[in-house]
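Shared between the two complexes below is subunit A, which has subunit B as its partner in the first and subunit C in the second.
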Partner chain A sequence: MYDFLQYLLDGLAIGSVYSLIAVGYSLVFGVLRMVNFAHGEFFMLGAYLFMFFFNLKIPLWISFVLSALFVGMLSVGMERFLYKPLRKSGRFAPLIMAVGLSLFLQNFVQIIFSPNPQSFTVSLPEGIIQWGEDILIRKKDIYIFAITLVLTFVFDAFIRFTSFGRAIRAVSMHPQAAMLVGIPFNRIISITFFLGAVMAVVGGVMQGMSTNQIWPFMGVHSGLKAFAAAVLGGTGELWGAVLGGFFIGISESLLVGYDLSMYKDGLAYLILVVFLLYRPQGILGKKLTVKV
Partner chain B sequence: MMFLQDTYDYFSLPLMLLGIYSLMAMGLQLILGGAGLLSLGHAIFFCIGGYTSAIISSTYLPLITDSNLLQLILSALCAFLVSGFFAFFMIIPCLRLKENYFAMATLALGEVLSTVIKNLDFTGGIRGFKDIPSLDINPLIVGLIVLIVYLVLRRFYKSSMGYIIRSTRDDDIALQSLGISHFKSQIIAFTLGSAIAGMGGGFYAHTIQFMSPEEGSFNRSIEILLAVVIGGMNSLTGSLIGSLVIVAIPEILRFGPSEIAQNRNVFFASAVILLMLFRPKGLIKHGS
Partner chain C sequence: MSLLRLNNLCVHYGPIVGIKDISLEVHSGEIIALLGANGAGKTTTLQCISGLLKQKKGEIVFKGTPIQNLPTHTRVQMGLSQSPEGRMVFPHMTVKENLILGAFTQKSKYLSHDMEKVFHLFPRLEERIHHMASLLSGGEQQMLAIGRALMARSELLLLDEPSLGISPLLMASIFQKLKELNANDGLTLLIAEQNAHSILKMAHRGYVLENGEVIKTAPASDLLHDPVIKEAYLGGISH
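Right, the complex of A and B next:
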C-alpha cells in the first residue's frame, strides 16, 4: 500500500512535465484543428536555451524569461512563415512540415551543442521529506507539482477572464464566426502558439532541474507522450490536458514500480491508441462535431 | 577484372539498400499517394518482415531445402505474408479515424509493437537478432524483385481496384455515394503496401544479417516518408527517385567534408521544409 502511494507521488512529478507540454498541443489543436508535431521541440529548446543563458552568467530569472521569449517568438515565427502558407494546401502538408521541423530542430541542437546528454547545473532545492514510515518525497517534486498547478490556474484565469482569452475560446468554437465579429484570427493564433511554447519552456526547464540532464531527443521523447496526454484529456480542453499528463505520468511510474519498466515507453502509446479508438473526445472533451 | 570485382563489391551494399528502400517507399506510396492514408508506423512492418525472415531462415527453412535461392524466395514470401497479416489486423480498427488521427494511431501502434518486440524472447529482445544467414543475397535478385513489384503496382493502379483506391484519396464521400466501399480499398492498399515493406525488411535482414527493434523506429518511418514526399506522393516512379536520393546522398556525402556527412539529417529536414513550402505535392508532377 505504501509502495502504491509512493509510485503515485513519483508519477505526479513526471506527469506535471507532460501536462505542461500537453497544454500547448491542446490549445493549438483547439484553435487550428492541427497537430503541431514540433511542439515537443519547444520543450527541448527551452531547456537548452535556459542552460545556454545561464552559463553566460545571466541570473536565473532573466535566463528563464529570455529563453521563454526566444522560444515563444520562434514558435510564432514558425507558425507565420511555415504553417500558415500550408493551411490550404492539402491534408498532410502541415503534418509533414511539422515532422520536418521537428527533425530539423533536433539535429540543429545536436550540431550546436552536442548529441550527448548535457548536465543541467541548476537545481531546485534538494532534500527529502519523510512522510509516515515509508513514503519519501523529494522536495523538487513538490515544487514541480506546485508550479504546474499554479501555472495552470493562471492560464485558466487568462483564458476565462481576459479579452485575449475570450478571443481564443471564440476562435476554437467557430473560426469563421469569430472572424465575422472582428476577432483578429491570425493574431489570436500567434498568441496561442506563443503561450503554448512558453508553457513547454517551463516544462523543459523543470525537467532539466528534476533530472539534471538534458539531451537533444528529450523533445520527441516527452512530446509524443504529452500528445497522448492531450488526446487522453480531450483535445482543446486545458484541464483535460493536465489530467491526461498526470494520468500518463502515474501509469508510467506504476509500471516502473512494479518491475515492468521495459514496457514503460510503449504504455503512453497504448493509452493513446485505446483512447483514439474508443473515446476520441477524451476524458473531459465534449462530443466533437467533426467526426475524427 | 579485379577492378570490376572491387567496384561490384563496393557498390553491392548501397545497391541492395537502394532496392530495399525502394520497396518500402513503393509500399508507402501505395498507402499515402494511393489510398490517401498517412502511415507514420510504416517501418514497423519492415521490422516485422525482417524478424520473420530472420526467424524462419535460421530455424525452419534449412530443413525444407538446401537451395539458397529457394530459401530466399520462401523467406521473402513469409515476410510479405506475416507483415501483411499484422497490417490487416491493425488497419481495421484504425480506419474509423480520419487523417491526422489515423496517422497518430499508426505511429502509436508502431511504437507499441516495437516495445513488444523488445520484450519478447524469441526475437532476441533489446540486443537484437544476430547471425541471420545471408542466403547469397545480391543486388541482382533485389533489383529484379523491385522491378517486378514496380510493374505489378503500375498494372494494379490501372485496374479497377487501383482506380477505386485513388478515388478514395481524392474524395471518399463521392465514392461512397456511388455505392463503393472505401473501407475495402483502404484495407487492401494498406495491407498490400505494408506487406511490400515487410518483404523489404526480409531482404534487409539477409543483407545486414542483424535485426534490432530499432529498425522499426519512428525515424525510419520518417526516412521513408521523406523518400515518398521528395519524389511526389502521387507518383510511383517518384518514390523510386526519392529512395535514390535518400540512399545516394549519404553515400556521396561520405567523400565530402565530414561535417556535412555527419549532419545529413539537417539537410534532409531542410529539404522537407522547403519542399512543403514550395512544392507541397512533391518534386515530380503527376499526370493524373
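Right, the complex of A and C next:
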C-alpha cells in the first residue's frame, strides 16, 4: 500500500512534464485540427536555450524569459511560414512538414551543441520530506507538480474569461463563425502556437532542473508520451491534456515500481492506439462536430 | 449613397460555378431582398461579401473601399456583419457567450446595452441566457445567430434565410423589429430569402437570382405583383 502511494506521487512529477507538453498539442489541434509533431522539440529547445543563456551568465529568470520568447517566436514563425502555406493542401502535407521539422531541429541541436547529453547546472531545491513511516517525497517533485497546477489554472482562467481566450475557443468550435464575428483568425492561430510552445519550454526547463541532464532526443521521448496524453484527455481540452499527462506519468511509475519497466515506454503507444481506434474524442472530449 | 456595390462578381467551387457576373447595389438605409430558389446562388453571394468565400473575379465595394481582398474580420470591423446559413452558433458556449463574441470588434462599454436590445428583440434568448447554444432548438439558434450579428453594431447586416426554422408568426414579428431597426437606427439590410412574400412586403427593392445570375431587379412592390415572380417564388398566391 505504501509502495503504491509512493509510486503515485513519483508519477505525478513525471506526469507534470507530460502535461505541460500535452497542453500545446491539444490547443493547436483544437484550433487547426492539426497535430504539430514538432511540438516536442520546443520542450527540448527550451531546455537547451535556457542553459545556453544561463551559461552566458544571464540571470536565471531572464534566461527563462529569453528562452520562452525565443522558442515561442520560433513556433509562431514555423506556423506562419511553413504550415500556413500548406493549410489548403489537405491533412497529410502539414504532418510531413512537422515530422521533417522535428528531425531538423533534433539534428540542428546535435550539431550546435553535442549529440551527447549535456549537464543542466541549475537545480530545483534538493531535499526530501518524509511523510509517515515509508513515504518519501522529493521537494523537487512538489515544485514541479505545484508549478504545473498553478500554470494550468492560470491558463484555464485565460481561456475561459479573457477576450483572447474566448476567441481561441471560438476558433476551435467554429472557425468560420469566428471569422464572421470579427476574430482575426491568423492572429489567434499565432497566439495559440506561442502559448503552447511557452508551456513546453516551462516543461523542458523543469525537466532539466529535476534530472540535471538534457539531450537532443528528450523532445521525441517525452513528446510522444505527451501526445498520447493529449489524445487520452481529448484533444482540444486543456484539463483533459493535463489529466492525461498525470495518468501516463502515474502508469509509468507504477509499471517501473512493480518491476514491469520494460513495458513503460510501450504504454503510451498502447494508449494511443486504443484511444485513436475506439474513443478518438478522448475521455473529456466532446464529439467533434463534422463540418463541411 | 451607395453602401455596397458588387461589380461582376464570380465565385467558383472548383469546376462548379456558384455565381457568375453578379452586380448589385445597396444604398445606405435600404432593405434589399435577394430572392432565388435552392441553388440560385444567394448563400454564395452573401459569403463572398463577408469574405468566407473568395471570388474568382469581380469587385466588392463597401463604403467606397474595395474590400474583396480583405480578410473577413477586417470587413466586420468596417461595419459588415452576417447571420449565416446554417446558423453557425458556437455550440459549446452559452447564449451569453455567443452574444459577447458577436461584439468582439466592439468596445465593452456597449455590451450590456446592446445585449438588452437583442433580448428586447428576442425575449426567448434572455430566458435561455445560460444554456449551451447546442441545446437550443433550431428556431432559437436562428434567433441567436441574428442576435449575434446585431451585436457587431454593423451598418450593413446580411441575413441568410432568417425565416428558416422559425414559425411564420415569430418571423412576422422579427421582420417587424428589423424594420424598426432600419427605420430608427438606419440599419441597412440585405436579406436572402426563398419565401418571397413577407420579405417583399418590407423590402424596398429586390434582386432575383437564377442559376447564379441576376435575372431581374425591381422595386419590391413591383416584384410582389410580377406574374412570373408570383408563379415562381410566391407559390402563386394572389393578393
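Following the convention adopted for this analysis, the second predicted complex is superposed on the first by the 289 of 292 C-alpha atoms of A that agree within 3 Å, B and C clash if a C-alpha of one lies under 4 Å from a C-alpha of the other, contacts with A are read in each partner's own complex, and residues count from 1 in each chain.
One rule holds in what follows: contacts are C-beta pairs under 8 Å (C-beta built on N, C-alpha and C of every residue); 3 or more make two chains touch, one makes a residue touch a chain.
The structure displayed is predicted, hence computed values, not measured ones.
S.K.: Overlaying on subunit A: subunit B and subunit C, fit or clash?
M.R.: They fit side by side.
S.K.: Once the structures are superposed on A, label A:Val76 by its partner contacts, choosing first (subunit B), second (subunit C), both or neither.
M.R.: Touch status of A:Val76: no partner.
S.K.: Going by the touch definition up top, name the partner, subunit B or subunit C, that contacts more of subunit A.
M.R.: Comparing subunit B with subunit C, the partner touching more subunit A residues is B.
S.K.: Given the touch rule stated above, what does A:Val181 touch, subunit B (first), subunit C (second), both, or neither?
M.R.: After superposition on chain A, A:Val181 lies in contact with subunit C alone.
S.K.: Based on the superposed arrangement, let me know which partner A:Ala228 touches: subunit B (first), subunit C (second), both, or neither?
M.R.: first
S.K.: Is A:Arg166 touching the first partner subunit B, the second partner subunit C, both, or neither of them?
M.R.: Touch partner of A:Arg166: subunit C, not subunit B.
S.K.: Name the contact category of A:Asp265: first (subunit B only), second (subunit C only), both, or neither.
M.R.: first
S.K.: Looking at the overlay, what does A:Val122 touch: subunit B (first), subunit C (second), both, or neither?
M.R.: Neither partner.
S.K.: Check whether A:Val65 is in contact with subunit B, with subunit C, with both or with neither, and answer first, second, both or neither.
M.R.: The answer is neither, since A:Val65 touches no partner chain.
S.K.: With both complexes placed on chain A, how many Å separate the closest C-alpha atoms of subunit B and subunit C?
M.R.: Once the two complexes are overlaid, subunit B and subunit C approach no closer than 15 Å between C-alpha atoms.
S.K.: Of all residues in subunit B, which touch subunit A in the complex?
M.R.: 32, 36, 38, 40, 93-94, 96-101, 103-105, 107-109, 111-112, 114-116, 118-119, 126, 218, 222, 225, 229, 233, 263, 265-266, 268-270, 272-273, 276-277, 280-281
S.K.: In their shared complex, at which residues does subunit C touch subunit A?
M.R.: It comes out as residues 50-52, 71-73, 76-77, 81-82, 84, 88-93, 97, 100-102, 104-105, 148-149, 152.
S.K.: Within the complex, which stretch of subunit A touches subunit B?
M.R.: Subunit A residues touching subunit B: 34-35, 82, 85-86, 89-93, 95-97, 99-101, 103-104, 106-108, 110-111, 220, 224, 227-228, 231, 262-263, 265-266, 269-270, 272-273, 276-277, 280, 291-292.
S.K.: Could you list, by residue number, the parts of subunit A that touch subunit C in their complex?
M.R.: Contacts found on subunit A: 163, 166-167, 169-170, 173-174, 176-186, 286, 289.
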